[in-house]
């Protein structure tokens, strides 16, 4: 779920940012024709995301390198696992190292944290979804990482979904009118979601043809009633105050989706390193 | 410590990424000439970073908006503090909201975590420095955020410093030869740092004219001896295994700098929101 | 329904393409400080689209010009109507002329043709929608122009909708399985549309939870049966062989949407010119 | 007559525009390693233009695909003709489909309409030329398509020709002075064309050394006299009110060139499709 | 003769190149609100070129600065002359300094050297023209600088002129055939120039309708004969071996144009500095 | 010392600038499948710089060409030496010719002039360094060329060094305070250089921990005293009034570095040409 051409376009400025005019150390200290093999290793148990991006970074810095990819995005691996063996001219591979690892560590961090949340809601029928709370410049990559961790994506950008909130309802003259306005104007394959605070709003929104409801910071019991009202006709999403501790109770309320920005905004980088392979 | 022109250049693709072709919700649901005032609020105690970037985002989306900035980068604020009051056309301001907040939440997260580390080493004389372990595309912004939190910057990119490691020493035929090679070729205002594993290496590196030493994963006691050898002539940096728990012991060993990628790679986003100001 | 920032970004390469290094004629033949007023005139009856883009082009070429906008996008105007009066330095305004007119003529051409189709289906309850058959580089502008003409937008890009076709069904092992696969993986505010050739497929697709059906080149009578089956639960779209002659019959079959690439791909430019205003 | 490197540069944003973050349908519904063969087919009689661009689009989306090109730009082909057979991974080829076809349909549309105009003036000695009335972003491609249809190009951009009009003559203090001003300042391989309304102006312009004359909306009989005055010394171009009905009379007046924006601005897309090749 | 919008587009990467992430010195050493006035001074006698570009650089770095421009491009000024007084925040002005001066020093260097060549050929009737031997990235600016020095421009790029050489003649089957091929295919406002080595070629080229002739490394006496043959019908250009010593003899041979790459490729930078204005 | 990826990124706009929409001459006059071999020849004695860039230009214009590189950057070659033999389709190679030569001629010009300065200071122990007085857009390439000629690089950009001048000292409240301010804020691998006018300043700066001193326009005798004061502890750089005549006296004063902008700003292009290889 990540456009291969987009990867190629994204990594050009990433590398320029890290290299500047030239990698002084590699250029000065490493002979141009010295070759070596390096392993990209997991140094803790993680869920993998970003292998294709890392490979693209190595290939851009050492076009003739051989990349032996041993895992794929979404794999759960143990500490010590080799993700990629890169063989070729050492100079280019070392220039690529930091950028490749920065991407892998961040995306696998997102995937790993997502998987932890997913584990908490196993068996509940609820799915975990992301938000637009992503790192600027990394939207596509982080949304992909969420999927690697077992989550699903909410709208990708402001042009791929409508989310009606309180102030919109006020402007439109009521919830039903707001939904009508949105549904008559959105692109025909785009859904209209409505944020609901009360069960009355839930009833009105379903009646008015909303495609999805967002229950923000609602109590599990109220959500359970909302789920009963909706009874599977449209997607019900819970958000607000989601933590590893609170998520199961929310998930058991019968909502379809639980969303949190934490999995993209607050995922710690996981430990992945590059080590030269001894001859 | 952030180029104002760079801010303007960075936010263009950030906004394009979040908007896509058009902000469907704001365009459909909000009248083009409706105006409102919004407060950007801290929802927890944080160290601020990114106010200028957020302001630039709001201005790009609503060129005529008034931005009343009430804090500045580096300020420690309490939950509830208003950072910026933005007044103008609601449509553009709401289009800007998520991108502005994503940046503020991430950069202030970096600054806040940095400040926590700094607090641990208060009084030791050691400074906290960052690394090249930054989020791709955000190098300049994150390095700025580290400074907002009280930290200092290590090299900005591969072209602004040389870091000699084991394999370079092997290729050059010894530590002294490696340092000589680097010092004769680097730009004249760029320092040469050497990673040292033993005290013998420390002695040789100082003798050979290294500008700085990196002690990676060295025990505090050994670092204390290294500091005695160097005796303030050049900067001594400790890295590896730095956590909020371990940092003070490392700092008390007499090193000048302690570096960690955690402050940029693993800083959770802080809670900052946008609220409409009631009339 | 067009992002103002996107307009600014699009016109930079448009102007560079038309100017090259320099507008030789204006620079050589017109004094740098000569001022004049010019009217952008409709020379036939048209539906307007692109006024904001044209204004942005004039402003970029003559930052100090005054633009008196007398119509707005979506207006139906008669031949002779003044759309914009531009007053300022003649040199910059004339450099902008061709690019501004090329955009206005094309987008208003799309809007005008769209309105002609719309007129044919008046009273039927069906809406006209566009497709991804747009001019490369102009997707956002042309989709906007369709709306100016009274049409609606289908998905904006490949990331904002799923359209299941025959070969997908074969791969997935049946229509129901294909829909299930898509619905479990799409972003949660994105709809899944299925192309149906037979009424059996229509029944199966509705049952399986498709969000919309595409009836490609289906006879009006069959479409009428399909509409009866669906009975308003999801959007029904007809496509294929749509012309000004055939569209009404299709629209009267009870479908919700009729799509055609002609309105974006084959709309002739309308006649709009720039004339100096006599003193 | 189209720079191969420019093609590669143009298609990157074209594909980004159509794909967005990811081609949801192909990624979800088609296995990553499924291969297939597809034919790009003409579905009506057309003149071909854009084959190299389409091939570049397929190659960018499926770098390993085989493209068997069976026609070349400028060929007149019958409905049913196979233009290109593309064999490779189905996912990438289908992602490329719409962008490749949009370009081919538009450029071949321009070439086909150009050829229709050319046919009308066969045997007259006049050549058909284009204008700067092109689609923003597609100048180079459309000018190429005009040549595929048998036409010739007028100036490519504002920096590759001077066109003196009435208001320039007024500013310069007369036609002769205007021409002198232009000829002394243009790059030395660039021609100066003058728009003439009367035969007196024709005489004065030729005398003053104009490189070409533009007769705008002049009657055929007057043009015939102009041709007699010029008697082949410089290029004579007729423009204004050119249609398939009026063009022959204009062409028979003895002018060298007849220009119209219709061939680039108002060419309907031709019908070209992509079909999977049955095994 | 330089597109103002192009200036704005060019200086963005120029400044990014010189600043990198941040101007460390100005940011650290100068208070953000300190203001000052600076003069851009000529430190030798020069011909000015690039004032608008320098002003744009200062404005981009200090948007609120006041720029009092006291000369214009093409002016011959004495050592000590103030070109621009810039008043505003010192930090931004000093960040701009080097880039602004680098441009002014280079372009004024080109203009000054051009003027020296022009002086040598005064009264001969020949004009000095540039070539495509320009600094990559600076084509438009250097061609402008040549004009500031009194020279004229040859073709701007490969798309704005045809230059037929020996090998083209061989391929086409003779000089006349080569000219015919070119003239039938070039854009209609573009000239075809032919390189001639002999007087026979000169005769044949004029007869075949060449728009201009290039006499490369021809002796003055032979050029005189060529000029007699052509007798003013088309432009005659001499190139090769042009120096300040040889140019007058070439110019007196009766050619219209003398071209040399030296004025753009080998012009030493002139001395221009920035000095703070004492209160 | 030049990032290979940066070369690829730089040459794209360089070629677009020289080609525009299309290379008219090569496209019209040379058959698409004609092949030939060409030699890039030195036409005077030069120091080579830019071979990799030239090769990249040829390869971008003729992806299938064979490039036989016979020299490497930094080589001193005699007039007549073949630098590169390029074999392939003539059309693309000739399109590349001017851009490839423009780069080679300029960079080798910089390297050759640098080598002339270097020769003057042979045996003195001083090194020649460049400045930020480079051609906008060519910083990385020119800094590389200086190294090819035997010189060294000063700071690459404003973010890779601090240079404290008079006005900074005034603001900071003295030289010692200024140095302290800078050293506490610069990135830890970046040096702080101080411009000194007097020996007292030299003493204070060394004491205060400056990493390098810049002696601007100082007399050789005074510089000799400065060198004695510094006695090798930090780098001493002389600048101002450096010419081929004056440089040796400055170098013999005991400074480590002598800097001049002339080698990058005022290096005449050297004579390098492209000749077809006879069969």
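First chain written, first letter: the chains are A, B, C, D, E and F, and each begins at residue 1.
By definition in this document, a contact is a pair of C-beta atoms (placed from the backbone, for glycine too) under 8 Å apart; a residue touches a chain by one contact, two chains touch by 3 or more.
Predicted model, so just to flag it, every value in this text is computed and none were measured.
Here the chain-to-chain distance from chain C to chain D, counted in touching steps, is 1.
Chains that touch both chain A and chain F: B, D. Compared with chain D, the chain whose C-alpha mean position is the greatest distance off is B. Centroid distances built from C-alpha atoms place A farthest away from chain E. In this assembly, the C-alpha centroid of chain E lies 23 Å from the C-alpha centroid of chain F.
Computed from the mean C-alpha positions, the centre of chain B lies at a distance of 32 Å from the centre of chain F. For the pair chain B and chain E, the distance between C-alpha centroids works out to 44 Å.
Multi-chain contact residues of chain A (touching two or more other chains) are listed as 1, 19-24, 28, 95, 139-140, 156-157, 159-163, 185, 187, 190.
Pairs of chains that satisfy the touch definition comprise A-B, A-C, A-D, A-F, B-C, B-E, B-F, C-D, C-E, D-E, D-F, E-F. Note for the complex: chain C touches chain D at residues 10, 13-14, 17-26, 28-31, 34, 90, 95, 98-99, 101-103, 105-106, 109, 132-139, 156-164, 167-168, 171-172, 178, 181-182, 185-187, 190, 261-262, 265-266, 268-269, 276. Chain D makes touch with chain A in their complex at residues 12, 15-16, 19-24, 27-28, 60-61, 92, 95. Those residues of chain B whose C-beta lies close enough to touch chain E in the complex are 1-6, 9, 139-140, 143, 156-157, 160. Partner chain E is touched in their complex by these residues of chain D: 1, 129, 152-156, 159-163, 185, 187-191, 193, 211-212, 235, 237, 257.
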